[in-house]
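Next come two complexes, and both contain chain A; in the first it sits with chain B, in the second with chain C.
And now, the complex of A and B:
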């Protein structure tokens, strides 16, 4: 076999590995409840329907063959969840980047006292498992009226995104060429040099950081289920969890999961473009 | 000269404080309270039924946990899951990176597809793999009805459930590893490969002598990240197996959830979560001491 053929076979294997799990679950969204219960399971929907996509958004649907599908009881939660997740993820992304860019610049570029201690403190919070601070957070938020509230979830999500994204960007800033001194000779203040020179140079890193925070916020499940599930402030992960335990409707679960995957897939496209240009894991201090 | 340097350092410190202090204060208050509460709870017995009551019991929770069989079982499950996740994620991520590095045509579209599992949330990955491996209508069952003798294959059974969880975890995390390693591979100077060509190195020796040294620091970083992410993951396992069958896949995070939420043993659960935190820190620290320090 030629080298080229081997290469394309390997590519095929990688694509199958990537796509089969998606396919096997998401095909359910296009099946009727009757077809889902067939055994052995079908490899593809024999009578594909898009009813689920209407039902989870609260619309009834009549198929061309005259079958009638009722809207899902979870529909209000799904709609509200999509909207809230969008608001939450956008806000988390903006705040995280405004805060993290100067933070990781300071840690990546400047030498100052207590730097390592502070750095370890920030990174420790990356190691913190969500289950262990879940109940204290809940108790705190009930006390101050932030349970069932999007602001509360926003604060919690920031405690996840800020440490993780700073950790990613510190290495990135460290590897930028040393231009601050030149900027200061040109008459910029330190802060001016940071805003006008460093930030534009760091577009790639900042984009990757923003995408990662968006994904974290959009996908956060554990806190969302405990803090906002079933309320006005529900996010899409919490809404989807309703299909898992209270109302097991696989076709609606799959349809709402597809809706929830669209925004992450769109940002992932931009992520792959930028991530390969970014070299964050060079040996430190080099 | 000395004086000048001192002035400069001071202003560095001030500038750094100006950039970082607000965030650090935010993090300390918003994480500090829950963490402090958890620490307080771990030294108390908290009773909800028949009136809310708390008793200070010192280290009793911590000692009881060490005598609990469930705890040691779940430590074992977590470690097995974590180590297998690292092995699968890094080898699959490295494999994908090496293949993608050889690609000249169709790069963008294949990269865009390959990254999709990473954009998928942990709980979605859990649901997706629950349907792929588990139950009567798993993918292997469907294959066996077409090609084989036609029997029900539930891969989430007690013998293989942890391996299957680790494979799904690797599916979820490997794209990130692959793309960062790919970025690394692209920085390797091409003259090194030209020299390897002159020395007539085969593909394996080329990998070990030229590519691998450039990747070893990234491999250390991702080993640390994957083990931390795997030890602290909860939703992925919760939606996929719920710790089952029985308690076969009950990881430490699941055990903490069960103690705190089902049994309402808040103090006991909090104490257990400090053991988990300790385990995560001990593992990352020893990885750094035995591996990372040499690379850096």
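And now, the complex of A and C:
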């Protein structure tokens, strides 16, 4: 077999691997409960309906043919989850970038005492499996009243996004050309040079860092299940998991999954150009 | 317009000393080239003059006014950095405008200045391009424009031509000098390229290990090197050195090396230091073009073999090895017939030899006027 054939077979396997589950719940989302339970299963909805998309948001739905679908019992959790996830992801993104931009600039370009030790500290916290700090965080948060609370989840998420995005951006900043000297000659202060020159110059890197933290916060599941599941502070991954422990409503589960995919899709669509442009080793290379 | 005086400049980075008591006077409207190997402190000197780096001790004067504690933009310096550094995310026009942001000129004034400088450097077509869309030479022109648009009193250049190809370097070298003369700005130019230094400098300051070795016109640096470092660093191929002793016999003075000897000419003896023949050893230096190759043995000549020849068109460099591994270089006319492995005899032209102290490296005849 030629090398080219192997390459295409591998690509095909990977595509199927990712796309089959996607296809499966997409198909389910447009089916009625009756059609889902048919055996052998249909490969596409024979009588497609959009009832699930109404039901998970708490609306009843009457199909053109007169069938009536009741709202999902998880609707409150899904709605809160979507809202909370959006709020959480936006806040995580803002705070992460406000902290990380100066932090990774300092590590990437300045010399100060104990720099390497501090850097190792940051990198080690990237290496730490999040589950290992789950129980300590849970006990701590129960004691200080941050369990079941969006602020608590925000704090935990930041402990992961900040070191991770710093780790990404330190190399990016290190490889920028030494324009600070130019800026000093042009009369900028060190801080002015950072705000007025370095930040605009690093648009691409900062955007990619922001996308990474948004997506991470949006998708974060482990902490959400333990800390906020079933409360008003639930996020969308946690509230979707709620479907698993009750009377099965696969079409509702699938519909809320599709809702949860929309914001990351939008983010990825509009910023894909930046993502492909991001080049850690030569940030300004054209 | 400014003359510059650096008074006993001293700069330490942690434990390493970058500048070790540098004294340097630069006259108004001249180009001084700081020449030296990398790590000799020339870029540090430039950064201290610009005000980017504060010296650990020592003072900097512009026109007799102490500017050591002034920030860069108050000193009215312009600087072109290594590889013609520009803001990579801004067009040439915006890069140039950055230089004028503290001048508080109005918009028409700024636009007019940018237009003037674009005329001067012929960069109209580049004004709306980003740095990565330009060639190295174009970037260099824009960086120069950005520097001079402010009408600086001192123009500092830190190896601006280092990343360009040879042809472009030669072209821009001339352009920079012409521009400097036209604008009559004091310029300090840093390079490790001796050809650049020789062709551009009104005066050359040769530095090594944070110390100024010698400052003088290109001619003085080449013909009257103050010590063995300057003698060996300036000139290509470099000067050949031989260690030996000076002896007196029958009123003649003779330099004796283990493989050859030369009689010293009268003029050297008249000006010699008293101690020349009393020294245990001295180092004789002679430039490649001042060695003569002979086919037949002659009194005192060094016997060697041709290791290889390098043909440069206008001349040929012959590399001769003697004592097995020691090599010396000789410049001969282009049509040189001998080839690798042939035995050859070498004699220095005695009127062009130098003597150095093996311990201090000092040129033992420096006081004498050789030009």
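One rule holds in what follows: the second predicted complex is superposed on the first by the 257 of 286 C-alpha atoms of A that agree within 3 Å, B and C clash if a C-alpha of one lies under 4 Å from a C-alpha of the other, contacts with A are read in each partner's own complex, and residues count from 1 in each chain.
Definition applied: contacts are C-beta pairs under 8 Å (C-beta built on N, C-alpha and C of every residue); 3 or more make two chains touch, one makes a residue touch a chain.
Bear in mind the structure is a predicted one, so any value in this text is a computation, not a measurement.
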Which partner does A:178 contact after superposing on A: first (chain B), second (chain C), both, neither?
second
By residue count, which of the two partners contacts chain A more extensively, chain B or chain C?
B
For A:187, decide between first (touching chain B), second (touching chain C), both and neither.
second
Touch test for A:201: chain B only (first), chain C only (second), both, or neither?
second
First (chain B), second (chain C), both or neither: which does A:264 touch?
first
Chain A residues where the chain B and chain C footprints coincide 284-285
Within the complex, chain C is touched by chain A residues 177-179, 181-182, 184-187, 197, 200-201, 203, 284-286
For chain C, which residues are in contact with chain A within the complex?
47, 50-52, 71-73, 77-79, 81, 85-89, 98-99, 101-102, 130, 132-133
Residue positions on chain B within touch of chain A in the complex are 9, 11-13, 15-17, 19-20, 22-24, 26-27, 30-31, 33-38, 41, 92, 95-96, 99, 102-103, 108, 110-124, 127-129, 131-132, 136-137, 139, 141-142, 145-146, 150, 168, 171, 175, 179-180, 182-184, 186-187, 217-218, 221-222, 228, 231-232, 234-235, 239, 253, 256-257, 260, 266, 269-270, 273-274, 276-277, 280-281, 284, 295-296
Touch list for chain A against partner chain B, complex
7, 10-11, 14-15, 17-22, 24-25, 28, 39-43, 99-100, 102-103, 105-107, 110-113, 115, 118, 121-122, 124-137, 139-140, 155-156, 158-159, 162-163, 190-191, 215, 218-219, 221-222, 225, 237, 240-241, 244, 250, 253, 257, 260-261, 264-265, 267-269, 271-273, 275-285
